[in-house]
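Structure first, then comments.
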Amino acid sequence: ANTKVTVGALAFTSHAASFVAYERGYFAEAGLEVDFKFFQAAQPMAVAIASGDADFGVTAISGGLISLAEKGATKVIGGALSEEKGIDGQKILVSDAAYQAGITTPKLLDGKKFGITQSGSSFHYMGAKMAAAEGIDLNYIPLQKVPAVIGALKSGQIDAWAIVPHIAKPLAGSGAVHIIGDVADYIPDYQVTSVFTSANNAANERAKSAAFLAAFAKGAADFNAALVDKTAGDDAAEEMVKLVHKYVYADRPYDKAKPGIVNGAMRINAGAALNTTSVKDQLDWFIAEGLIKGHITMETLVDPSYVETM
Amino acid sequence: MQLILDSVSHRYGDVRVLSDVSLTIPEGQIVCIVGPSGCGKSTLLRFLGGLERPGAGKVLQSGPLPDGCLNPLTYVFQDFALLPWRDVTGNISLVLEDHGIKGAKAARIIDDVLIRTKLSDFRNALPKQLSGGMKQRVAIARALAVSPAVMLMDEPLSALDAQTRELLMDDLVSLWTRTPFTAVYVTHNLAEAVRLGHRIVVLSRRPGTIRDVVEIDMPLDQRRAGNPTLEAHQARLWQLMREEAEAADKELSNV
Amino acid sequence: MSDPNAATTPVPFRGGGFKPERIRFVGLAVFLALVAIAEWGTRAGWISNLTLPRPSDVLSTFRDLYDTGLLWKHLIPSLTRLAVGSVLGVTIGIGVGVIIGLFSMVRAGLVPLVAALFPIPKIALLPLFVIWFGIDEGSKYALIALGTFTPTVVATYGAVDNVDRTLIRMGQSFGLSWWSIVRKIVLPGALPGILSGLRISLAIGIILLVAAEMLGAQYGIGAYILEAGSLYDLERLFAGVVILSALGVLTSAVIGWVEKRMLAWRI
Amino acid sequence: MSDPNAATTPVPFRGGGFKPERIRFVGLAVFLALVAIAEWGTRAGWISNLTLPRPSDVLSTFRDLYDTGLLWKHLIPSLTRLAVGSVLGVTIGIGVGVIIGLFSMVRAGLVPLVAALFPIPKIALLPLFVIWFGIDEGSKYALIALGTFTPTVVATYGAVDNVDRTLIRMGQSFGLSWWSIVRKIVLPGALPGILSGLRISLAIGIILLVAAEMLGAQYGIGAYILEAGSLYDLERLFAGVVILSALGVLTSAVIGWVEKRMLAWRI
Amino acid sequence: MQLILDSVSHRYGDVRVLSDVSLTIPEGQIVCIVGPSGCGKSTLLRFLGGLERPGAGKVLQSGPLPDGCLNPLTYVFQDFALLPWRDVTGNISLVLEDHGIKGAKAARIIDDVLIRTKLSDFRNALPKQLSGGMKQRVAIARALAVSPAVMLMDEPLSALDAQTRELLMDDLVSLWTRTPFTAVYVTHNLAEAVRLGHRIVVLSRRPGTIRDVVEIDMPLDQRRAGNPTLEAHQARLWQLMREEAEAADKELSNV
């Protein structure tokens, strides 16, 4: 009596909980026969869930996701990656040129070019929150894709960016960019990514959705123990990295992939709990920016009945 | 079968093209229509063949059809109108296929018309391989294949060079002499008209009306270039038309 | 006026048809009908709002755009990019095309190159363009210029090839200089072909606006469409698409007008 | 053989030229020269490796692709998408084009619609295509089909319009049925125009491969290029672009061959 | 000025087009060249005008140029070769501009040739507005504008209808009568040849060689259609050519 389920995923460490749940058989135990579908970006994954091509996905709360929720197509049902004080989180970067010009703290970024993939992306949100906190203005440059932003930052065509640590650290290490701050300082307890599904799954396939979340949470717990809290010991950490390596940086040799995976380890909320305060803050920001329609409420976006909320 | 034009008039938009033309095409005769450029000769021929309907007046046919006639009113066009993607045989069978004539029966008809137009050696040639004269022979063969009651020929020789024109005129005369057919033959060329016409209808400048009808009694096969009677007819026709032709030539078209 | 001895019947009519006639307003009617169906479907619910936006919402989005002045803020950069890029691409393209048309050596060298360049998707080269020309206007101009260049070249040398050779022989027979022949016979003779090639080039230029504005464009119709796409905001997406489509129809009309004026000598 | 009473001089020659001649191998030479310059420049360092990849590296990337069998893994899905999508787009396009060419009413209704559809960038519609056709092959086929559809329609009805009307009148004058005329005169007569339209349609199909494979494609030349582009891996990017370009040149050659065979009747 | 062809031969690839043609074009005479299709008449004319070079043999000119001659060897083409984007005046001034003749001087020349060709009323018409006959008149006016020493005419009337042809022949005769010019006149039409030629060169089928040269003494302005002497000449020419023309017409081209 296995239910077939398609899970949308990106080949990023932030999706590790699903990979772990799959590899360690947690999905199978929950009676789910999981099929991964890989995407190049979060946006098409959200659309694919709306169109029914995939059942569950993990992604940042973007304008696209909220719009789809507004059209009654998708629901957020759980939380995943979170910023947490004490755990290495997302970093604010500046280009070498900007750094040499004396921009060593985020406060000095007034009027500078801040790279984002798209208006309404999580990068946009982070930049905006930081700018608001510092009381400065940023010039947001949409570049569609993460690699394009990296290229633009390296070559000094944009001045600043904010990104997860496993990308930020190697970049900073090469000397082409410099880390000048932590996102967590500006957005404490930021709910970076969340688990979402189609509105139909959320409302009418409760058993399936709950089973998915449960297995996902198990995977997340393993991941946190191995790489975030490092309570499981070195062997377990090593094993976890090997497991994740099957999906992330698969085209690189293990030795080269390992630091990326280890550095990228941020907490995935225990029990897939959802930080609704942070989600609400994000939603309000989208509305304030005019990126989405003003009448959208938390109820439209979130189905809080599955997991613990904070 | 004979064709009758009964006070036919026509206009295209503001342009009056034909005005009150009445004419009978008697069976077994070649009626030539001459007239200055743009006087409506081609239009008249389209009316006769039922390809277009006159604004006023009637176009009638009377009398029995010849035996085995597949397409009573059959055109021969100035620019041959051969399908370039079919060879000689294919161009002829085209007009038989729709009448359900295929296989051996079609082959018999095709062989016959190819012999009559001296084309037997060229049955598999594509139009692009043929000279202009040969192309027009194929078009004539195609017309003969449907045993027409009346052949409607719109300047059939005017796209050919003078020498080929001579050759084809001889061919038409010998075709007619063997089995007389009814034909309406539109031309600009008075030499052609006096060579082929039993009756020559002279149209005036636009709007075309009948200025004169000249009958020539001499049998077709006795007419030769340089014959004084024909020359006289031709000179008279040229006198009738010279002014009109000059005026027509000087007309500015407001495209 | 004659005495037929058998039944006299009218000649049957068998002509007509196969002649395109202009029927006005049908296009408009079809268009309005489609819009009405979409409106009805989205209102009644049998077209899901995920599938199509409601036309009236698109219209009001458009009105908002206009009222807030954002329309111009998006349109003007796009038009500038289109203008600069396609003027670059088209002028260089016409130049190269004429030279290919005139010199066999250049033709032999460049035609295969252009043929190989044509099927390359311009978005594939976007990352390179960023390196070559930066993320500012430079790369946008370059992308549109490259996109309009190849079809213009092909159309132009085709047009030069199609110039009536008897006209050129005529020029030579009157002892006209090479340059006179090019200026007075070849170029005017190639103009119709060049203009009709321009239709395609500019349509491609418009299409490439979106690709060009993928990188680092804050304003522009393409950027607007991309943003709407990533926000899954169908009303805005369609509003943007309609603007591009209108732009395309408009350029085509402008070229038609230019043709009418400059090519009045055609039959 | 004559006795001129004045100086006898040869008649001066003033003809020649303005006639494209085929010069072989120049295209190849130019191509090789460009590659050699790129190789030299990247080796010597005056072309930065950010600007252009080293041609020999592109070649070895390509050889890797081939050796690992990845070439086929990428090429086959792309070719399938191109084939299915363009067969769909082209056949529907030809059908619609012929109908537009034959019926004035349809023409009046559809031509403005097609004209409005033409300048719409297909990538703008990607998010919609996912909803309409899913993220699997459906949306890729649909995108390529839509992209090839519009130019095919335009070329086809143009070709039908250009069929020699005297041939049609001839058919009518011999009493051929409407359907016979369409089948035996209109369609064969429109074939040259349709085939030359196909050249453009297929080039557009190839260009759209990249856009189509933006959506959820793991394998495919377009996906390969996109990935290479986002990783700034210029060797792979160029290897992919070269494959597409070769594909384009190849399709064009195939159409040329088909034209030679099927249109041998042309002058 | 006279032109001399000295044993000219030519081949295009494998096709031998002309073989050992020697001929002199005397000053002040119209030399007509007739011959079956494809025998190399146009090729010969291109050699005479220096537009192409023969494979073997020489093309020479001798004698002084007439006063004010801008372009000694001037063509009149079968399809008129008018620039469609220039009006009548513009088409004529085209051939003056390169000689630096502009403004009043050009206007004087243009007025003169327009009067001679009876085109004064049409100076601002575009070619598309003109009938075929008028277009060829413009082409003749353009040729006259450069005061040629020799006019090279390649079937100048064969694109026109028979009536316009008659009119233009009269015009050419009266032009020549007023001021005799030297001309080489290629035609298929024997009637034209006997009407306009002081000397008629008959070429054989390809590869073209000279079969015969016929001299006609009668002054041009006394020649009329139907004149017995001319008819006799024409009949003789037709006899010479008939077979060759038939053979040429039946040739399959292997395109």
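To keep things simple, chains are lettered A, B, C, D and E as they appear, and every chain counts its residues starting from 1.
Quick note on the criterion: a residue touches a chain if its C-beta (ideal position, glycine included) is under 8 Å from a C-beta of that chain, and two chains touch if they have at least 3 such contacts.
Keep in mind that what you see is a predicted model, and the values were worked out from it rather than measured.
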| item | value |
| --- | --- |
| Contacts common to chain A and chain E (chain labels) | C, D |
| Separation of chain B from chain A in steps, with touching chains one step apart | 2 |
| Highest C-beta pair count, chain pair | C-D |
| Far-end chain from chain B, centres as C-alpha averages | A |
| Interchain centroid distance [CA atoms averaged], chain B/chain E, Å | 31 |
| Averaged-CA centre spacing for the pair chain E and chain C, given as whole angstrom | 46 |
| Geometric centre distance via CA averages, chain D-chain A, whole Å | 41 |
| Two or more partner chains touched - positions in chain B | 49, 51, 73, 128, 255 |
| Contacts with two or more other chains, residues of chain A listed in rising order | 43, 47, 50-51, 148, 151, 155 |
| Residue list for chain C, restricted to those that touch at least two other chains | 14-15, 50, 127, 131, 169, 172-173, 175, 226, 229-230, 232, 267 |
| Touching pairs - complete list by chain label | A-C, A-D, B-C, B-D, B-E, C-D, C-E, D-E |
| Contact footprint of chain A on chain D as seen in their complex | 50, 126-127, 130-131, 134-136, 214-216, 218, 226-227, 229-232 |
| Chain E-facing residues of chain B, complex | 36-37, 121-122, 125, 128-131, 133-134, 158, 161-164, 166-167, 187-192, 225-226, 228, 231-232, 234-235, 238, 241-242, 245-246, 248-255 |
| Sites on chain D touched by chain B in the complex | 164, 166-167, 169-177, 180, 184-185, 188-189, 263-267 |
| Touch list for chain B against partner chain D, complex | 49, 51, 70-71, 73-75, 77, 79, 81, 83-86, 94-95, 97-99, 126-128, 142, 146, 152 |
| Parts of chain D lying in touch with chain C, wherever the complex brings them together | 14-15, 17-24, 26-31, 34, 50-51, 101-102, 104-105, 107-113, 115-128, 131-132, 161, 165, 168-169, 172-173, 175, 178, 181, 186, 203, 206-211, 222, 225-226, 229-230, 232, 234, 237, 240-241, 244-249, 251-252 |
